[in-house]
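Read through the structures below before going on.
Here come two complexes built around chain A, the first alongside chain B, the second alongside chain C.
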Partner chain A sequence: MSIIPSARADGALYWQVQARRNIGVRSLFLVVLAFLIAYAVLFPGLFTVSGFAKFTQSWFPLALVAMAQAILMLTGGISLAIGATVSLGAVIAATTMAGPLGVPGGAAAVALAGLGIGAATGFIVVRLRLPAIVVTLAGSFIIGGAALLVLPRPGGAVPAWLSDLLAGDTPAAFVLLMAIVLLWKLYLATPLGLSLYAAGENPVGAYRSGVPVDAARVAAYAISGLLSTGAGLFVAAQTGSGDPVIGNAFTLNSIAAAVLGGIGFLGGQGTMRGALAGSLLLSLMISVMFFLGFTPVAQYVAQGLIIIGAVAIPQFRKVQQ
Partner chain B sequence: MTAWTDSAGGRRARAILTSRPFLTLAIVVAVWIAASFASRGFGAYGHLRYLVELGAVIGLVAAGQTFVVIAGGIDLSVAAIVTVSAISLPLLSWQADPTGLASVLAVLALTTAIGVINGLGVALLRVHPMIMTLAMATFLQGLLIIIAGGSAVTAENLLVHWLGNARPAGIPAGILLWIAVSVLVLTLMHATPFGARIFAMGANPLAASLSGVPITSTTLAVYGISGFTAGLAGVLVLGMNGQGYVGIGDPYLLASIAAVVLGGTSILGGLGTYAGTIPGAILLVTITALITVVNASPGWRSILFGSLILGLLLLSGRERARR
Partner chain C sequence: MKKSSFFASASALCLGLVLAVGVGSQANAAAKCVKGDRKAPYTIGWANIYSVPTWMKQTQGTIEAEVEALKKQGLVDKLVVTDAQGDANVQIQQIQSMIDSNVDAIILIAGSSTAPARVIADACAKGIAIINFDSLVDTDQVTAKVNTDSSQWGDQAAKFLIDAIGGKGKILILNGPAGVSVSDDRRKGADAELKAHPDVKILAETNTPYNVAPAQEAVTSLLFANPEIDGILSLGGALSAGAVLALDKQGRDQVPITGENARQFLELWKEKGLKSWATMQPNWLGAFATYTAVQALEGKDVPAFVKIPLPVIDNSNIDQYLARAKDFPADGYIYSPYDEELFKKLLAQK
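Moving on, here comes the complex of A and B:
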């Protein structure tokens, strides 16, 4: 019975493994720290409650879509429909929450739409064996069209108290994010969550070892959809209304954040903490450039350059060695 | 002896009839026949000629995309490159250049260079193609707004005007250009060592590299070709439109990838042909034209477009089962 390690040794092993998983993203954490310091210097209000709240609110939707993209990329998939799904979540929230359904009904509708769209996409990709990139590209038109049907032009409303709660002067967004990270940790401990990395790293081997590869991948798509429409709900609360194209920029940014965070395109490589750090870096980058007075145009140019640089430099070093 | 030739010929005929390009072509013809019964004027020669002329732009963008996809990559910057071409051409006009040929060549050199930079990032810096080309698109988008300032620019270039409007022997010049490019692309892809290297690289880059395929230069060439054909498409679309503006190339990103995949080329690389992309491009403009005929709201139009592409993918884009 000595093969069962004691609880104490088990705990030590856990932290050892977690520390090893940090190795790939350690330099990223340093860059994020540097940007955080730059942000704090430019914007000293960060250390007040409302300043911290505003800071986390600008990060929160990007963090959610980065997680939505990362969970797909870990299973070897990808989605080019994240932006359209965020828009759909926003317009559903803006049209239902002020109506007879109320906030709970509206939130349920947003969650159901996200889970449903994600599961349908996952079913098409996994069970019908179509390439994810093309399915989600076509899906972005279908989902974007649905968003236009729900709300043809910007409008609708989110109850003011909800906007104040989520995007007011309290760091509710940060608390929510921590709760989501905790749920992610719990999900990784379930059979489906455990299958996630295996399904991405070596699907054939995992399949032959009895891992529910297909179920894990469909579940990943469903969770990704839920996170995306959730980000849409938050964006609607932030702006107080809905806009059928508000989410478009999130597609590129979600991929950029996940890749900055060290998630590999081939599946099974990377960690969620990396993706979160990547999204934080992207969010900080945009804020710092804004404070430095870059025009939106110069921001595009700088963002393109920084993303290539950040992705290329570690790869380049690997090749040199 | 005769029987042997007959059966070989029969086998050959069957192989062509069941191939992906032929299947896509058959779908196009079936849709055209059905649509001309449903809507008067759809099947008129003038309308079909117009559809093929629109398809030429997609076909040109998709030519480079086919090379990149077969080589195992993807080019998400084609839309931005089309816009770069359509906007920088009117800005580059010289007094000493009455035909406009020099400025067209200069623009094509510029877009080819953009493609080669994509290739440099992919081959030397080892950035994933999707990230490299998306970042390039973001970068170009910013640059374009700086250069053009958001207003439309009018082209006063004889060659560009001729490409967009002339009809030698009743056939639009754009279609003639597409035919010429198609012949070149098909020859390059299927009858040269370069073409063979692309397929080898897409099927298994490591094996290709160990067998002596020069990965770096081939990658540069593939992305360079994509920049070149996207630039050519920009010239054509500028000629047809008369004006260039930021966003003029946007529809061609999804269209080029969809045309490639609908034509039976595997998005995973190593398998496919431009012969399928050609009917794929015509199929896409046909779908768009049909949706316009239906006269639905923008939302429904978008849903129809996405669903039709998804439905067609089920016919032609499935991957192998895992066992």
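Moving on, here comes the complex of A and C:
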């Protein structure tokens, strides 16, 4: 990304800030690009509409949970309940959408559950000043239990037309993701969004400058919950049904994607585009290694090496400087 | 001349039509998902959910052996293996990759009974033969499902134990983890026999992972609480090994016990001179699934569900199993012998 010196002053500043934010993730972008090219070479079907659609559908839920985790980590928080929240979203969708509530009612229930759980978690963490890691660990048991109460065994159903719309042969998931990224950009322009980084990097300083630190953090938890149950809804549509433990692996993967994307544990460090690139890399890795014909054991090793590599490259640069 | 050549080409066209119809109806008679447009040698995709447990490694071993045998017959040229590391979402993505790379058959153990249903339907629509075994998916869009009957397992185990203790006495029941379908189904299968024998008193039930250490711990504490135990209904091999070790450590007499073909348990059975009974989830389900996939691709009709009869190990044939023990890993399972004849017989049953 180049800085255009002749641009208007405010525009130049904007791009300068963006470029500086990109420094940490530039190498990640290169790695992701390399994997994308490799995937396209190995699987030319990627350039067909349905091939692209299926590829983005594999990535979509991981992208959402990476965003859900990233928004919390930017405020200095973290959630170990994301996987359970995805599961809950999935079972709510699978039990309500085929019933009298219909798809709009079911989607509303999923959204409300996500916002409600997120806001409640945020309130406990922020207002009661409890460590996020403990609260969300306990939360993961409660939410996971609730998912098992809603649907004790895998089952339920999502209307076929919704499955075909979201996870059929059209890249609807990709369009949705672009819309969500756009909404994120808009959110960052609102007062609460502007407070997000400040609340994460220097909460005391931000508070003294009149930034609504607590409100920004609670809002981040609520949005995170919404993104998580949204990912659950998508998984339910993708699979056509609900499974009360389908989301489990997303907790760790969301943290991996965010950290891979250069988001720091201490808050205020990193960008959403980094987290998205991190999640894309995690998803791409699985497909690329398949097409390269790696054996499962080699995949375990390669996965670890790629993750360490992508995180370490920017550090090497810093040390050299 | 002209007329006759026209007639000849017309009749050739008719013949072609008849042939096409014939081929079409032949394809209809073939197994589900198979369209008949795929030719040997085939590429087989093995979509594993989790490759680490010993049972899975041994199962993969039988698949690889079967693929080698089929390679020699020129029927298979490649085996593609994926491991979802326990994540049902990753398994979906890997099955999608198998579809993208146009494998001819997919055999799978599902990580969720519902989640892979749609991607499997996609594969089926593309003419890929799909054989689902062990952990099954709730869908009929597969070529065949292959499994043993877990409730029959529980039923037969209960029958043996009740018989062994003379129809009355105090027993312990050892289960796998709660909420896991295999564990629940085996336990439910035992219910009918237990209800029919009111003199058989259940002292306690345990739920532990299918591992020796937790089972041994659970049984040890039950031994302290119950000085008199006549039998143990164990619904998993590692659980049985744990129970035998617990009895041994406490210096208690061994009692009749049921189990599974875990090598450790079978060796304890012989060493302690137990009166016992065991069955198994045969690892060769993997080899059989591979064989079935190729049969279906070759145009043979295969049953939509193949129920595998439970092989039984008891005091009459335990020695035959232990004689082969050295061919199996120490923490593995000694499965019953299999060959192509057995597979043919299983496919022929309706």
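As a working rule, the second predicted complex is superposed on the first by the 286 of 321 C-alpha atoms of A that agree within 3 Å, B and C clash if a C-alpha of one lies under 4 Å from a C-alpha of the other, contacts with A are read in each partner's own complex, and residues count from 1 in each chain.
Throughout what follows, a contact is a pair of C-beta atoms (placed from the backbone, for glycine too) under 8 Å apart; a residue touches a chain by one contact, two chains touch by 3 or more.
Just so it is clear, the model here is predicted, and its values are computed rather than measured.
By the document's definition of touching, of the two partners only chain B reaches A:G145; chain C does not.
By the touch criterion defined above, A:Q299 lies against chain B and chain C together after alignment on the C-alpha atoms of chain A. In the superposition on chain A, A:F291 makes contact with chain C only, while chain B stays out of contact range. In the superposed model, A:A12 makes contact with neither chain B nor chain C.
Of the two partner chains placed by the overlay, neither chain B nor chain C lies in contact with A:L186.
In the superposition on chain A, contact of A:L137 is made with chain B only, not with chain C.
Once the two structures are superposed, chain B and chain C can be ranked by residues of chain A touched, with B on top.
In the superposed pair of complexes, A:P61 makes contact with chain C only, with no contact to chain B.
Comparing the two complexes, residues 148, 152, 297, 299-300 of chain A contact chain B in one case and chain C in the other. The residues of chain A lying in touch with chain C in their complex are 43, 45, 51, 54, 58, 61-62, 148, 152-156, 163, 167, 235, 238-243, 245-246, 248-250, 283, 286-287, 290-291, 293, 295-297, 299-300. Listed in rising order, the residues of chain C touching chain A in the complex are 48, 51, 80-83, 85-90, 92-94, 96-98, 100-101, 112-118, 138, 179, 181. For chain A in complex with chain B, the touching residues are 78, 124, 128-131, 133-135, 137-149, 152, 203-204, 207, 213, 252, 255-256, 259, 265, 297-301, 303-305, 307-308, 311-312, 315-316, 318-319.
On the side of chain B, the complex with chain A involves touching residues 74, 121, 125-128, 130-132, 134-143, 145-146, 254, 257-258, 261, 267-268, 297-307, 309-310, 313-314, 317-322.
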